[in-house]
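Take a look at these structures.
You will see two complexes here that share subunit A, one where it goes with subunit B and one where it goes with subunit C.
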Partner chain A sequence: MSSMNDQARRDFLKKAAAAATTATVAPGVVLHTLKAQPRTTAVTSKVRWGMLIDTSKCADGCTDCINACDKENGIDLVDKPEGADDAMWERQRPHWIRHVKLKDNLTGRVTNLPMMCQHCEEPPCADVCPTGASFRRADGIVMVDRHICIGCRYCMMACPYKARSFIHAEVAEKLTHTPRGKGCVESCNFCVHRLDNGQATTACQEACKHQAIVFGDLNDPDSAVSKALKAYPSVAVRDDLKLNPGVRYTNI
Partner chain B sequence: MTGKHGITLLAILAVGLLFGLGTAVAGEAVEGTAKADKLDHCVEPTPVMRRRHFEFIKHQRDLTVHQGVRGSKYSIAGCVDCHARKDAAGKPVPVNAEGQFCDKCHDYAAVHLDCFECHSTVPGGK
Partner chain C sequence: MKKVHFSEWGIESPKFWGLLALIALVAAIGGVSALYMELNGHWVTGMTNQIVWGTPHVFAIFLIVAASGALNTASIASVFEKKLYKPLARLSGLLAITLLMGGLAVLVLDLGRPDRLIVAMTHYNFKSIFAWNIFLYTGFMAIVAVYLWFMMDRRMNRYYKPAGVGAFLWRIILTTGTGSIFGFIVARQGYDAALLAPMFVIMSFAYGLAILILVLMFTYKLDGRELGDKVLFRLKNLLGVFAAAVFYFTLVYHLTNLYGTENHEYEAFILRDGGIYTFLFWVGWVFVGCLLPIGLVYHPTIGKSRGGIIAAATAVILGGLATVYVIVIGGQAFPMAIFPGKTIVSSGFFDGVNGQPFLYSPSLAEVLLGIGGMALTLLLTFVAIRVLQFLPDSLADEVVDPHHAKS
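Entry: the complex of A and B
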């Protein structure tokens, strides 16, 4: 009898634990209140990660988001290959966020914005990839599977946002959560290691002291990003291509 | 009676031999400062790991990259975390360095280790 009770208790605890895990992987603010757990189930399309960037808050000369991204994803550990030309290195070094400065020649108004992978619903990179290495995860994150990337760089040519970089030489130091090696293409993955481990922020969003970046689940009407998108007019860059990007901008 | 004794003796010898071999091999593989030092075996029994470790992590990589599953039994980060030793100064030694855990067999069998062209060779990052 006692052992049966024990069993019932155990089952209850198991179910309670399972419920807590489900709450952890569910999107939204709840994530912060529970201890972050690594995912044990596959991502689903219930969530679509996305971002809204307010360019009016994005300060001229500030590179906080880019620096944070470089550090988070080990991009600062990629050294210039020996004997490489300085100018060529500057053009070809990896970057997941580009600083884009726009100037309206008529009015002189200057706009700054971070441009990263726009995590399209219809990603051209995945369209052209001959091996299936470029793909879109169920939760909307466009990624490169380096295990099957052959480094052909079709995706770099196909991306209208110039979001992708190529790793030209062997990388001596790399982070556990961001593997990186010679001959593969890479781009912003919305700090996927954070999301998969139960966090709901990206490094760039955290680093932005101007609060120009809002990140969250586009499918959750109560998420900060959905509310902001509902409240303010926003645009998709190169909307004409009908790619339905997950990153949107206001005030450009 | 003698036969029974003989069988018992043989059994004891066999168990002793197995035990001796087991500790000798395990000692070589996990001795020193690696976390694996304190464990009897890996996520699967040692013979299974020896034969199938590459299958385990190959399946795992697809689950992790494409489906975001991180909290599972097999992971290359787990291999490195557990099997990397430290030097006298407490600095982790890469698992693929000469004579280290991964290198020892791979070098002997002349099987090229592709994993570490991209993956970190020491625990926790750099």
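Entry: the complex of A and C
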């Protein structure tokens, strides 16, 4: 008799658990399927995201693009660990985009520009990555799969643009669309979360009040970036390496 | 040559366990240092987003390079059939494995995510020399283990030579792979040279042999085995040749660089203006690592003294560490030419403003992790020679050379 009771209780518990699970998970599943629909279609090479930066418009002392990037990608949430030296931490904290001021050795002409991952067609970071965590998407975006990055930092050794950052400390707060963990490498991803959700701008471009940054699809001849590239002479940084980067500059 | 008998390392138990405890302590301190760095993150080290590979890499690369070189003595015996080296083949194979284990331990413990080692074993990008190295390193340990087995098991003796040839070829490929880690980095001026691969091979010859000589002299001294001049002098002369070969490659590397204008700034940095790197290059790499040992081993009296030979082997090791430091850290400290023909006046991310090199000073934890890797190597070696027959009973002149008595 008691075993019958046990059996009945067990059955009841099983059914109750199953019902509870369905009630908890099902709405999530449905929601997920509905919302994620566009993202389930694979990225194709029909699009190649790219950028043109007009350095003549980039203003000395302006940090709008950097601030926007820091906010958009949660870099401003990365706190200095307690006890860390200020100067040292500056060298260790992540930077996705930075302001660089150049002077020509011969003419003395000064140029200001933002520097970030150049999204190479042949990225050396992806070539050297042992696990394939550094990769290039079909639409030209070079990024890091943080699930399989082992933190070997070989990509940082190989990147000719010094565009990558290693996460040197625990990160308490992070944004859902930009997960970030101690011990992995990361870099600019052209605000991939925006592009994958149907937007066509990056945070830095949006923030630049000088209109120094034009972003768009390099494969679309009618896109603003393609038209600008056609109209003005531009260069790729370290063109000699033949990496065919997706970021180009004018007036360097 | 008389028949060589092998036996376990026979030093008294208290001495053995005391020695083992001491080395285990050093290895454990290295382990605790690694744990400290992993728990806190790399901000507690001297490494930054500019100098991404620090002191642990210097030790790891030194040990890995030395591992393949330690096998040399065995290769000379079985591939090139030099009988004098044959009694040393077992120790040589053993050191090849233990040095590699020590080096890999340091390398893995310095990863940002050492807990993801399994990912490195299951996800491969075969365009990466690092991915190839995972196979080269594990394969090396396996092939040398088989080689040792065939060497030590009489039934398998007939397969000994092919295994030796296999191990020899594998080790050449392995060190070529290690050198290529740097040779394949096109963006940095200190690297990106095919010469680095053969240079690493020749460096491995010197470092591995220096370590073998010291381990041999130490273990023989401690349990009173006889180590004759015949074999020791042959080894130290070979060490002199290897140190000279490293010097030759160093010359070629810098002279070819000096020819091209694009490399002048890098060369000026290493050879003249680089501060600690310039000091380590001239004093560590060139003098202590090459010229001093050459002078010591070929000196008519010092070269024939045990002290002189110990000093020469120690110099090769210390100079070797300096060499790897200059290559790994000096190569990163020199700012990359992102904008050739231009000077970076200011940068939000330390791009080598006005050509200034990047700063790096090793933290204690990094150094302790590196030394811990060396301790692990010794720990494994001493345990192995204690339980298995790696050491010849005697390497006295009459044992290794039948003609000795006649002369």
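We adopt the following convention: the second predicted complex is superposed on the first by the 210 of 252 C-alpha atoms of A that agree within 3 Å, B and C clash if a C-alpha of one lies under 4 Å from a C-alpha of the other, contacts with A are read in each partner's own complex, and residues count from 1 in each chain.
Note that in this section a residue touches a chain if its C-beta (ideal position, glycine included) is under 8 Å from a C-beta of that chain, and two chains touch if they have at least 3 such contacts.
Keep in mind that what you see is a predicted model, and the values were worked out from it rather than measured.
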Self-check item: Partner touching more residues of subunit A, whether subunit B or subunit C
Solution: C
Exercise. Check the residue A:K182 against both partner chains and state whether it touches subunit B (first), subunit C (second), both, or neither.
Key: both
Quiz item: Should A:Y161 be classified as contacting the first partner (subunit B), the second (subunit C), both, or neither?
Solution: second
Exercise. Considering only touches as defined above, state whether A:E170 meets subunit B (first), subunit C (second), both or neither.
Key: both
Quiz item: When the two structures are overlaid on chain A, which partner does A:P94 contact: first (subunit B), second (subunit C), both, or neither?
Solution: second
Quiz item: First (subunit B), second (subunit C), both or neither: which does A:A228 touch?
Solution: neither
Quiz item: Hey, what residues of subunit A end up touching subunit B and subunit C alike?
Solution: 170, 182, 184
Quiz item: In their complex, what parts of subunit B are in touch with subunit A?
Solution: 61, 63-72, 77, 80, 117-120, 123-126
Exercise. Sort out for me which residues of subunit A touch subunit B in the complex.
Key: 37-43, 74, 77, 135, 137-139, 143, 145-147, 170-171, 173-177, 179-182, 184, 192-193, 195-197
Quiz item: Quick one: in the complex, what on subunit C touches subunit A?
Solution: 38, 40-43, 47-50, 52-53, 111-114, 116-117, 119-120, 123-125, 127-131, 133-134, 181, 184-188, 332, 336, 338-351, 359
Exercise. Flag every residue of subunit A that touches subunit C in the complex, lowest number first.
Key: 63, 66, 81, 84, 88-95, 98-106, 110-111, 115, 124, 126-133, 148-154, 156-162, 164-170, 182-185, 237-238, 240-241, 252
